[in-house]
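Pasting the structures in now, so scroll down.
Note that chain A is present in both complexes that follow, paired respectively with chain B and with chain C.
Up next is the complex of A and B:
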């Protein structure tokens, strides 16, 4: 009897805790989005702080009692898990990788909530790979076994540097064992790892479609609440995808959107209603933020293309390709210079498509940019993300192109959708980047005579560094063409702030 | 001189077909070739310097025309011409000191280039004056006074001095050739040892725990860095590949084999990495008179990035790379476009080239880049370190103003 009493007590407390937590989350949302109402927030903050602390203590006591009573360890776990999920959500607000594992948060959450409240405006810690503890914990929970690269570059110890050959077959063999991962998500993860999908728009769309399928197939277990469970499942899927290939910054925006939509679902909805609402929301996101946004961007940017122009582009950006093709369809006479770089040589695909459509193109490699730049009238570049200090994160080499264009007084137009804008700030390309396969540098496809680096792994003093992204400073960018219009790089934080709320209140 | 002729033709062929790589190898071969030309040249009794000069000019014109972009060839031709003039002048001044003469000579305008043994006090004074005088209209009309002067002196000189003069002339003639060949040997020696002299200065510029960036491969840079390593400075090197030749791979392998921490990066990552770099050290293909650098392609980008991040951009160049010409539109005129197959496979694109859609493809593969002098922080040559604004002064050490245009005027026959 006493056991049942304790159990009920714990359950009630746990429920109240849950509501408090969601309230707190909502307040967080409100204060973040409308910071111009400071009078409202502080008293609320203190109230939730105290309430949360009390609730936490209760939860811990309940957990102890429940475990003592040898009862539902599930209750204690779920109590802790609820807290962890909410923390996870706030930590995931800023960026994708939730490899900041729930285990560590559990341990810290007991003592930390007040500080967390105060510090919530600062972006939380990303997973830093030189922190041995967290790396170890993440590895234990990881579904994908990554082997560390042998010759690691010291400057990039804070980023994952893995051996790229080994995990794909390993992961394929696990296909039928990983029942915690939905098959659609698994497929997307495999495709990321194999490098089939590249480019933020494609990656985002594929990931959202996979999440959609996962949501459709999802069914709430009995006695669980849809919102929490679904959020937990989605987080685990995202961490799986992140292990396959680190998420880019703007994909974090999309994930944040999905989680907020889930959190905003009214509790009265049944499973079916909730799932259809979510799927239509995701559809609308993809449609509005990516597809229609691209059309708007193409419309804006095509006005900038004039007869007799020589346009330079770099890398493979789908938006820039659309702009060039649409300007050509309208009948404008211009030339295109396509610049390419190792090791991906992505621009060759773009070159093929442009020539097939009848544009006259010049192809060169990035070292020759100074040679070709005096012929060029405008530079069109794509972006992976645009950060709040006006800097542009995109394919490595973009910064070089923008710099040379600036030196020759050629305008640089960055074309990107507004969902890629992010509150983060970055000063250089070292602190946040992705390291690709170093073996790709050692060989040159099509040139058998370039084999000096055949046995580079045996040389202990030799490392190969294959950076994927770099950061272009804002003074090299003339204008950013987005679906909100053509804005200077200094207006990016304004867009993030003003249209951020609209983004989330769809 | 049939064998010299064949040598010259061989070298010309190699230059035209671009078989010789690197300015040091080209310079050395050119110097050796000119040495053979000089040693096999039969000199007349008088005006030997003139004869030598015109012979070297004849060969030099052909060499420069074979590969105008390889500036080292022109540099060596001009160096040799300058050597001939210098040796001639020094012999003349030595002869002046040795002889006391009273013969009349009134052709002071070509004393500068002449090997006249007929010298009076007036001529001595004229010689002294002309070496210090800037080129006048008379000295500019260089070719015609020679033939006019010969009857002059033979008429002005007395028969009494004839015999002694002729003896002097022949010995002086042999001496001139000998001196010139010695000086050309020294030049060849300098070219071969320029690496060591530059590498000696490495310790002054590289301190402990530095991070150095370079692009492509240059033997000078390799020796420079290894010399610093010998002196127990530990530092790291980032080597950019240097597409499309990928010489950076070679350099990185060499450096790693010699014990330096090396990282290979792609050329596109230069801007990303340069914020963590302390110094950029590169080699050059040629250094122009204004301090601008003709460098392997991609270095202008690196120089701009270095300027942005206030990283010193140091260029290592042997003195045989210093060209007395000022660059005009160097991206086009002093550049060479190589085969597009280094960038694209012919097979991949032949299909789309044939398509009837009207698209056209043009592949651009330049070899060199021009780096303007304002982007260069320091030149390190075998004579020491210099500012780009100082390079034009070094020209006076190595070259004469008369030799800037090696092409002979069609009116002359000598």
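Up next is the complex of A and C:
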């Protein structure tokens, strides 16, 4: 609410500025027009006032556009001034009604272009799952019926949490009912929900491949434009996939890329040409942004591995695995410490593959990481996304590893492709996260005797929380290895700006 | 969703012989006064599958079935009835209609299946694992108390012949072994390679193959082409695919690299490899993948294909009409426990009496019974757990217990019918007693005859 007041006050200040400016202009136009046609004064007067109003509008627009450039600083200052003003509650109330009318006029006249730009820049409002209205609306539109889980943790009510037991059978039995969903997209959604695919690279690739197949099978209905129809269809597929499993931040980048390429298709293209162009674009994206990027990262990072190193890795990152294997192939002598955590125990697969290739490994769980860190010389971690303030979003537990490494003065290298960079900023792990299956915490596979939490759903006082992601602040990250080179975390916004969405596939 | 449905409706089977005839083929045998094929068609319609191919053996039978289908389902479904020569077996039937199949996956349903299992779930499992074949397994239905002795099974040792021996992997998703109980005499043979890669095989005898399969079309047609001697899907094709799942000889992708949307290959060969590596590492490795990767030094990559199963929940009903005993059981179940399948609404006494049926004085119709339209019952009759068809004339003092009476049957006074099946147009004269018998169509049972466990048909 305070924010609205500040905004309002900023408007008031702008208005005062403009009315000063336009008053001057008014005088100028009046003196100009009058000497020309003195005889036709009554209609002229209205004409001049109309023209004068138009001139007023133009002047306001120009002034607004001009002030926008240095307006950010002005807004900040006016914001502070408004804060001081807002302490006067009575003046607020008095100014309220007359100011709103002025605000609306101003909005109608000169505000539209700047506001449009502002709307484009601001990200669309994200779905918060503790807002009953929006949840209700989304449920009615949803293709997949999911029942909400019981015993949800209060702090994470804004995240979607569904009953995992019934999700998959529900979706499976609907295979033939969901005619609007392309079979390839349904398959990807099914595999996401079943947990068959994990890891951003694989998920992104599978999703893009499914979209490719959907594009190939797509045909424009008569009397409709390909661009709009295809974009609408793809949006519906993406919302289906989102219902199966919430999209990660970097997958949003890939989807925006696809939509941008569709929007840029020249209208003269026929269906077939457009489809082949799109498919080859998607292929190029996968090739350049994932496969070749991985090769470049491996090339950069392998130079950092020296003989006698002890490298620590956590979780299952395909890039880190490739780095370790390529360094081993080149012939460097090093040891690997593989750290793992429940309930996913993902690193065991990595461990298997490393041992099969002959690397010497140590395996431990995250509760012992502070005891093994004194042996470690470098830490290699993967990321799910890297945000503009240098924070790294990755598997839960990564922040812990990075902190311990920092405490022991061990350098932390994050290996991440550039398409995972996002202009968003996150300060904590709570705003944007994903909640996994709490039942996985309650059971230990292979240990039937540890069944104390068997009836955890019936316990009123018990809430299980299984978070999937966490956020590592930029202080704990030494360098980020990307396909653009090895950059410090403070340079992430530069990459986002310079090599951002507009420059993909040049 | 890129699925095509084929219903194998059979012809005139020998196992159901007194009941079926040229005029009444297998598919149109009435269960709870509805042809058994209607259960399959309704199940498919519920799952939104409106395009079916029904395969029938024999031209006349095909005409019969086609006439019934177009009468009952003309506007709701699009059904093609294909006639195949008799005795070609299920594999031969698929070979015959191969040119009508174009979708990526084929769903093959046996026409004598009475079930309420969601078909979408079987198809989804098939898609999810990219399997070559997915089979539906259900709990073996409990057999009725009155074993029909005249079914030809004089030797009691053959009694457990109806179950299958199924080998599953620990996650209960993949099919490792399948054999019908009848084939197994002393020992069971399991492939060593399969056992070695999986580590643990669970052999179950309480699951039954419901004859509902989802096949990948290219693989099915290839297997049928290469092995011309395969006669039956269940006995030949399925075990072949299950046995060879780790030494696959079938081409999985049809024409793999040839189609690239006409553009030159954007992703080069080594990059493709890397991509498949990323994707493989990201997913849970099944034992197929582990087997493929463990090719120590041999150049030829061992290809594998997956055979999946879907195990129906224990609250779902699933039964196949392949013997006389099964016919009795299914009739009893459909009007009894699985009454939601019959589609009728039960009256307060837990039975279905058609409004046009007439009951005489002091006639009792017990629970779990069904009376068709236009039937008339005399006085002092009692009907227990039976199904009576349309336009029957039943005299006085008749007892019908645990039986199925089809349409247009005339039963004289004082008859007693127990555990029997009486086909259409039969005439029973006074005081005939039938116990565990099957009476073929058009027969006339003389007065006062006392039959136990016989098959009575017109010569």
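Quick note on the criterion: the second predicted complex is superposed on the first by the 380 of 506 C-alpha atoms of A that agree within 3 Å, B and C clash if a C-alpha of one lies under 4 Å from a C-alpha of the other, contacts with A are read in each partner's own complex, and residues count from 1 in each chain.
In this section, a contact is a pair of C-beta atoms (placed from the backbone, for glycine too) under 8 Å apart; a residue touches a chain by one contact, two chains touch by 3 or more.
Please read all numbers here as calculations on a predicted model, not as lab measurements.
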Room on chain A for both chain B and chain C (clash or fit): fit
Partner chain in contact with A:211 - chain B first, chain C second, else both or neither: neither
Which superposed partner A:453 touches (first chain B, second chain C, both, neither): first
First, second, both or neither for A:320, with chain B first and chain C second: neither
Contacts of A:495 with chain B and chain C, given as first, second, both or neither: neither
Comparing the two partners chain B and chain C, which touches a greater set of residues in chain A: B
Partner chain(s) touched by A:153 [first = chain B, second = chain C, both, neither]: first
Partner chain in contact with A:381 - chain B first, chain C second, else both or neither: neither
Closest Cα approach, chain C to chain B, once both complexes are overlaid on chain A (Å): 10
Chain A residues contacted in one complex by chain B, in the other by chain C: none
Chain C residues touching chain A - in the complex, by the definition given at the top: 1-3, 47-49, 104, 118-121, 123-125, 127-128, 261-263, 266-267, 271, 274-275, 277-279, 281-285
Chain B partner contacts - residues on chain A that touch it in the complex: 153, 155, 340-343, 348, 351-352, 354-372, 374, 395-397, 399-400, 403-404, 407, 428-430, 433, 441-442, 444, 446-447, 450, 452-453, 456, 459, 461-467, 470-471
Residue ranges of chain B in contact with chain A within the complex: 241-244, 246, 249-250, 252-253, 255-257, 259-273, 275-276, 297-298, 300-301, 304-305, 308, 331, 335, 340, 342-345, 348-349, 352-353, 355, 357-366, 369-370
In the complex with chain C, residue positions of chain A that touch it: 169, 171-177, 179, 183, 186-187, 190-191, 194-199, 201-203, 205-206, 216, 275-276, 279-280, 283-284, 286-287, 290-292, 294-295, 316, 318, 321, 349, 353
